[in-house]
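Handing you this structure, nothing more for now.
Naming follows writing order (A, B, C, D, E and F), and every chain is counted from residue 1.
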Amino acid sequence: MPPALATPAAELAPIPWEPAPDGCDQVVWRHSGNPVVGAWNVPGGLGIFNSAVVRFGSKFAGIFRVEKKRRFPKLHAGFSDNGLDWQIEPEPIEFATDVEPRPLNEYAYDPRVCLLDGSFYLTWCAGHNGPTIGVAYTSDFQTYHRIENSFLPFNRNGVLFPRKIDGYYWMLSRPSDDGHTPFGDIYISRSPDLVHWGGHQLVMKRGGLDQGVWWQLTKIGAGPTPIETPLGWLILYHGVMDTCKGFEYSMGAAILDLEKPWIVRYRKTDLLLAPEAEYEVTGHVDNVVFPCAALHDEQLGRLAIYYGAADTTTCVAYAELDPLLDSIVNDSIVF
Amino acid sequence: MPPALATPAAELAPIPWEPAPDGCDQVVWRHSGNPVVGAWNVPGGLGIFNSAVVRFGSKFAGIFRVEKKRRFPKLHAGFSDNGLDWQIEPEPIEFATDVEPRPLNEYAYDPRVCLLDGSFYLTWCAGHNGPTIGVAYTSDFQTYHRIENSFLPFNRNGVLFPRKIDGYYWMLSRPSDDGHTPFGDIYISRSPDLVHWGGHQLVMKRGGLDQGVWWQLTKIGAGPTPIETPLGWLILYHGVMDTCKGFEYSMGAAILDLEKPWIVRYRKTDLLLAPEAEYEVTGHVDNVVFPCAALHDEQLGRLAIYYGAADTTTCVAYAELDPLLDSIVNDSIVF
Amino acid sequence: MPPALATPAAELAPIPWEPAPDGCDQVVWRHSGNPVVGAWNVPGGLGIFNSAVVRFGSKFAGIFRVEKKRRFPKLHAGFSDNGLDWQIEPEPIEFATDVEPRPLNEYAYDPRVCLLDGSFYLTWCAGHNGPTIGVAYTSDFQTYHRIENSFLPFNRNGVLFPRKIDGYYWMLSRPSDDGHTPFGDIYISRSPDLVHWGGHQLVMKRGGLDQGVWWQLTKIGAGPTPIETPLGWLILYHGVMDTCKGFEYSMGAAILDLEKPWIVRYRKTDLLLAPEAEYEVTGHVDNVVFPCAALHDEQLGRLAIYYGAADTTTCVAYAELDPLLDSIVNDSIVF
Amino acid sequence: MPPALATPAAELAPIPWEPAPDGCDQVVWRHSGNPVVGAWNVPGGLGIFNSAVVRFGSKFAGIFRVEKKRRFPKLHAGFSDNGLDWQIEPEPIEFATDVEPRPLNEYAYDPRVCLLDGSFYLTWCAGHNGPTIGVAYTSDFQTYHRIENSFLPFNRNGVLFPRKIDGYYWMLSRPSDDGHTPFGDIYISRSPDLVHWGGHQLVMKRGGLDQGVWWQLTKIGAGPTPIETPLGWLILYHGVMDTCKGFEYSMGAAILDLEKPWIVRYRKTDLLLAPEAEYEVTGHVDNVVFPCAALHDEQLGRLAIYYGAADTTTCVAYAELDPLLDSIVNDSIVF
Amino acid sequence: MPPALATPAAELAPIPWEPAPDGCDQVVWRHSGNPVVGAWNVPGGLGIFNSAVVRFGSKFAGIFRVEKKRRFPKLHAGFSDNGLDWQIEPEPIEFATDVEPRPLNEYAYDPRVCLLDGSFYLTWCAGHNGPTIGVAYTSDFQTYHRIENSFLPFNRNGVLFPRKIDGYYWMLSRPSDDGHTPFGDIYISRSPDLVHWGGHQLVMKRGGLDQGVWWQLTKIGAGPTPIETPLGWLILYHGVMDTCKGFEYSMGAAILDLEKPWIVRYRKTDLLLAPEAEYEVTGHVDNVVFPCAALHDEQLGRLAIYYGAADTTTCVAYAELDPLLDSIVNDSIVF
Amino acid sequence: MPPALATPAAELAPIPWEPAPDGCDQVVWRHSGNPVVGAWNVPGGLGIFNSAVVRFGSKFAGIFRVEKKRRFPKLHAGFSDNGLDWQIEPEPIEFATDVEPRPLNEYAYDPRVCLLDGSFYLTWCAGHNGPTIGVAYTSDFQTYHRIENSFLPFNRNGVLFPRKIDGYYWMLSRPSDDGHTPFGDIYISRSPDLVHWGGHQLVMKRGGLDQGVWWQLTKIGAGPTPIETPLGWLILYHGVMDTCKGFEYSMGAAILDLEKPWIVRYRKTDLLLAPEAEYEVTGHVDNVVFPCAALHDEQLGRLAIYYGAADTTTCVAYAELDPLLDSIVNDSIVF
């Protein structure tokens, strides 16, 4: 079941970038043209959000959560020359598969995309009598091969690592229950073949009550593909607190050990980005910042982070890698 | 107990109208001057919403849900020359009644109005040790005669049909429980006299999970008085989905059999209008579109739909009947 | 739809009887041979409980809630010479009906039987996309004619009065929600034809907190057919309190006005019978005493009360009418 | 444990003021420059709200609820020359204390400040294995002495009276449970020494269902320090109703007996201020108006009320005392 | 408000006693004649349980939770010559009081009795718009003087220490919420006068998950008056775990510091007594062992422990003090 | 990681047996000496239940869920000559393991044992920040080697098949949430190595509402190791319904396809055994019948089924295979 090799990314596109606004004392800042993708990008759309993009040769490709007027989430492909202006396919992805006999015409949401072994792997929240992690691969964003779901229900936010570690593939995920899950921690699992998974470990728990950290008390879930750095795997994740108006989603960061990725080396106590912009505090679901992808320019040390806003639009934020890593190391409590 | 005949509506007022904006590919579009009624229409008002209007001779009359600073909902009469500029009575309707010994000085909300047998019948959510359907009639919008509540608690969204079918009066309603009801389907009941009701039938269930329809998973309730068309009774209704921020109300449509109105002929899978405008996504209760009335110009084939926005204001949307019917028939799954 | 006249009950069977045990200072006491009906009365039975019996000529007939190994409740007929030894039909009742198009092959439980206009009317909790009150009649306990359900869901414990009052038929019932209902009060409704119901009134609320009465704080529901007495309609009912182990069902009593049965004349504050016997405190559902029928010997002033015990068996208790009425009048708080 | 005497407030600063806007028919109106304090007042801030200010000699001082990027609430001091432009200390208050052995490095939110016996007393929601009322005093807003918590958990919204009554100190509070409390009433307690509390009484219950008052059905809690008037103690308080989107907080008013402050003399049925401004209906927690302080100019009969908006910013509203008192007396139902 | 001195207990009655049965390897064992008090001890009784007894001169007196047929709990006095055969007063205690204006005719349950300063102090769960701790004293078990409730609602299981410590009176209690409280820990408070309480401290939390102790995961509450021993204050308490059938109550033990009673010196991990006897596993509330009093023969080193069984009867268990203390010290984890 | 080969079971012990009692018309009947194992089998025991046994050479071995006075469940080994009289080890099993770095000193309950590839494999509900499926193997019931947990939390009732199918190992399990899970269906997963699991499929859903089957509406979970028969894999499982007193557990049966075990061939609608015996309807958790093992005498066609009763004891029931299979096939609805 090994996927075909993708064309080597010889001349990668330059990632989107804006310097920090004057006077900004934060390590993450918003793109001035937010939101960059929204309902207007497809006919009959109600929202496009919680979506993942990658550099695809000299351009960009992405997998988008699209909701039309049935409010039924599906995955659509999209393409862009500059990472900011996107053409979204009006119809959802059709997956080819040998997997039997599972019904495949189900809801699909909150995708991630990971370049792994030369193919682009999609992971998402797939319906299988309850949510679990769907997996598929593509080399061209035209045809998609779906393989087995990774876990039993009930699971969401499955995020692959971009290379093998210790001879295994690895995935972060967040097991929980059905519905608007009121709890959830980040686990890691390993696989010899991307189909059979085991060696499950708890990585990070929600919480922080004893440490004076309230923004991630309710649940946490991994976001973009982990980014390899000298300090370890940088992960951006969402943390949720429960207000008397429901859940608020913010973005945080941590660093996992490079060789033993179930060990948290640093965990930033401050959140990185809270819902404050108008497009984050109003919409289909108020007060949601939900990161799903990050483009990394290794030479310039820049990150362009893609996040869903208010379950309505897709937005971009920027960071420089070194100040971001410093801010994690210097503000870290591992709990 | 038959109500007195109303003056025949010889020269009806022309209903409000705006053509679809350029480039609009939707069958329902918003009035550019929304909201048309709000807190400012009565002294000390906090909101006027979820209200019903009718053509009343050469003018318009309506029954409005008004909330003042006790947040206690009451029904107020209102009048308009053009259907858009309204004078709302500052004090609530006083009902005359022979019904005994029920306390009648209770909350009253979410009215509908139906011209039936020459009188205007009001139905609304009435307090009777729990919500149920109150009924009253008027011929002049000055004096109102209240008759028996139609059902036992717990019931809401009672909507009368505008004529007898098979010798009976018919009403749609949504039995459920007390509180912020987390479930509810549309039923139909018949009556020989508008007082005694029986022959209850389930018409439409909430749901759509298996059909890829998520916007009405939690509950549904009828909206305007059904509109008779060659295809059947057109009903506009609200569908509710549960987000992690609470309920979101959108508007949908279906067509019931003309002679056997408990049979759904067509049920549009796409919603017609989701909360997207600023006055729909913020207010007393965010993300609510709640239709309660529709004016029908039979000659021009036009509809002016009145809906509550965010439990704060009253708004108008427009549709042309034929394209609307087409869009229901062509996008129908009866489940 | 009027049912055929039943054979006049010329020589009625003597009802079961045991005098109060020595030293008993209670107005209601248990039959020494309890339980009188149980799982052993049908092949493959798990329980027979919450059932109703009547005098049927010189013998006795009854409608029994039977649960076999699917735990799916159905109504079975039963017959007895003495009211204590019963032959229960092994198969459930099949109803003939003209009612359309409602599915009739549903669950059926907690029956009551009422001799009314010369026919025996059955009412029970019928499944109709949620529980409601099913109605049928028989003159011979061989064939049964089912008519329309009386109410919209969600309703249980429908109990008919044994004669017309003020030209109408009357029924007590307990509207509530779906599931293990955590609340419920007794209402009354009237009907000209046993099909169309209106004029709904609240009769008795659960509660008693302010009166120092805790056994009926959670919900109440009518039991046997009301018994006409000079003081009014005697009703026996179940009251439920919520313990940290779930609901406990006890038996209480009240007296309604003869001509205006929505008026409570007396309401006994003490319960009449709490679960204390071994067959009441253990079984399928612990701590349940659930009265459904009472045989009344008018000449001797005796009552034989049939109640379900622990959702497992059917039991009998006795009372003398006059002391029972006295105990209600002398221990009454109407709340 | 009596605190040191504060410097007498010889020349008090004039309180902020704006007359009512033209055409305003309300007794309370918003400051035109709202919000006056917010996240921008401290580095790394996410919100500053639900805060209390006092006149402090010729200037103003305040205790502010500040949330930074851990979303962990702390109390910060702030100072202002005019009551509208504020300098907020970037670091939280450190309390000196002899109290042992309780951990004092906990969350702290929703402060009130009361000038009592010549010192400024702070009360707030303090973490003590659940929320309870923390108490401290200061004379200079530089050093703070913390004394014993007043009550067992679970309690919030502790508000001191500004003088002894009948030889005792008195405090309003709202006992309830942990979490997003779904119920709560206002109680009063007395103390000989500000440490030991007893004589607890219920003052005001949430509710109003029977009186047609819905805005305070879920819970209520005292706001600013009670203001002594000839009619009694004026209290402003928050009332909460539960919508299908969660809790909405509005401001109301009542008057307590001067000598027996557990007796409610008047209770205004209309709310005084509902969330309607843009900064009240969007933010971290939508639809919150939460009063915590009121400056009273006794000579001019003016009030400047400080309230938190949407758990995000601090705002000001104005009232003239006499019309406010009149509106309470004339619109009062004591329930 | 100091209560009158009681007659010195010159010749105390010998406490009930049975040696451990042959082969018993437990430190606590049941009385062979259990239950010793039950419904039969009062006319019309349904249960007598969760009650407290003391040595009263040469006899025994007790305060009993009695439920009659209203299921409304009240406190009744009782007397015994040998501590096993009891005469229970048929009517509840009437309290004299100067406390105003609190309604005193409320529910009352789960009493404790403590000989303190020569008077017998009763504490119990008193209704005051929610449960809280009622306090009264008597010297003769004939007249009872009620003083102020100790705390705000919501509180239960108030247990006084039998002497002053460090010049103060001390009480254990369990603050929680209303209803069938799903959580609760033991706190301690101090008072100079038994009316005003402060200095609140957490003593022991429920739990034990990390220690492999499941029987007290849900809530805990103090039982008998603490017993002074050389090792510290011996407290017996109930611990509750939540099964899929509701709460199960068992008995456990701990030892508090003599001078600083908020410090737990030892806490036995094993429970002492779980519901296993037939009278403990069936009844009004299954699976409840609820200790409320312990008689201590200091010369013989014996304890007779009184506990409620299944919210139905009162039972006795025995222990020898030294083996009991040893078993606590040797099986202790303080968490 | 392949386990060492077990000694071939040359001379297997005869399984326990009693013929059906006279007049029994059921296919499963109880052992007359029930319960066979209980608290008395270990010092300080409170219960031994939900346990699994196997034939072990000429004797029997078992893995038992033991709860002592901490109510913390652990697995203990036990041995028996005849399968009815058991010696239970007083201390829990210590597992050797190479798995890192997971804490292994956690709760362990509801074991199953499966002879597979010549070793005995234990599966059980293991604590891993939430319940999941622990796996270990032994060849001698003296030393136990623990391998990786099979799945992410939250999972229970993991049951291995006794041989490979299509080259894979297979396991049934019941994913759900934490706590007293209110829902749960049976899934199947496959593995190449007993460590990495994939190919997850839904096998059987709880339910039966539409089929008139109520005893398994809430959740279901596999019980003994599947038994290979000519008709397919016979599985015995528990089904749970929710009463107003909590969950009731009964035993049911189904037959899965031999080659494609995710396909249900037959599913018996009647339950096989409901809680009716005294030791099933009272105890730590009332009304529980929970099968965990079945001994199969292939030559005589007999089954001895081991099940937990009331979360207190371990009991035995008997069946003959052919009548049992017939009763499944003849009473089957696959839903």
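One rule holds in what follows: a residue touches a chain if its C-beta (ideal position, glycine included) is under 8 Å from a C-beta of that chain, and two chains touch if they have at least 3 such contacts.
Protein identities per chain, from UniProt: A, B, C, D, E, F = Beta-1,4-mannooligosaccharide phosphorylase.
All values derive from a computational prediction rather than experimental measurement.
For subunit E and subunit F, what is the smallest step count along a path of chains that touch one another?
1
Looking at the contacts, which chains touch subunit D and subunit E alike?
Joint contacts: the list comes back empty.
Have a look at where subunit A meets subunit D and say same if over half of the interface residue numbers show up on both copies, different if under half do.
Copies use mostly different positions to touch.
Where the centre means the average of the CA atoms, what chain is farthest from subunit A?
For subunit A, the chain whose C-alpha mean is farthest off is C.
Which of D-E, A-F or C-F has the same interface as E-F, meaning more than half of the contact pairs match by residue number?
The same interface as E-F is formed by C-F.
From the C-alpha centre of subunit B to that of subunit F, how far is it in Å?
55
Cα centroid separation between subunit B and subunit E, in whole Å?
Between these chains, centre-to-centre, one finds 59 Å.
Which subunit A residues sit where two or more other chains touch them?
If we look for residues of subunit A contacting two or more partner chains, we find 245-246, 282, 286-287.
Line, ring, star, complete or other: which describes how these chains touch one another?
Its topology fits none of the listed shapes; call it other.
State which pairs of chains touch, listing all of them.
A-B, A-D, A-F, B-C, B-D, C-E, C-F, D-E, E-F
For the complex, give me every residue of subunit F touching subunit A.
Checking each residue of subunit F against subunit A gives 101-102, 128-130, 132, 148-155, 173, 175-178, 183, 185, 187, 189-193, 195-202, 205.
Give every residue of subunit B touching subunit A within the complex, in rising order.
Within the complex, subunit B contacts subunit A at residues 25-26, 208, 212-215, 241-246, 248, 250, 269-272, 274-276, 278, 281-282, 286-287.
Note which residues of subunit A are touching subunit B in the complex, please.
Of all residues in subunit A, those touching subunit B are 39, 43-44, 46, 68-73, 105, 107, 180, 245-247, 282-287, 311.
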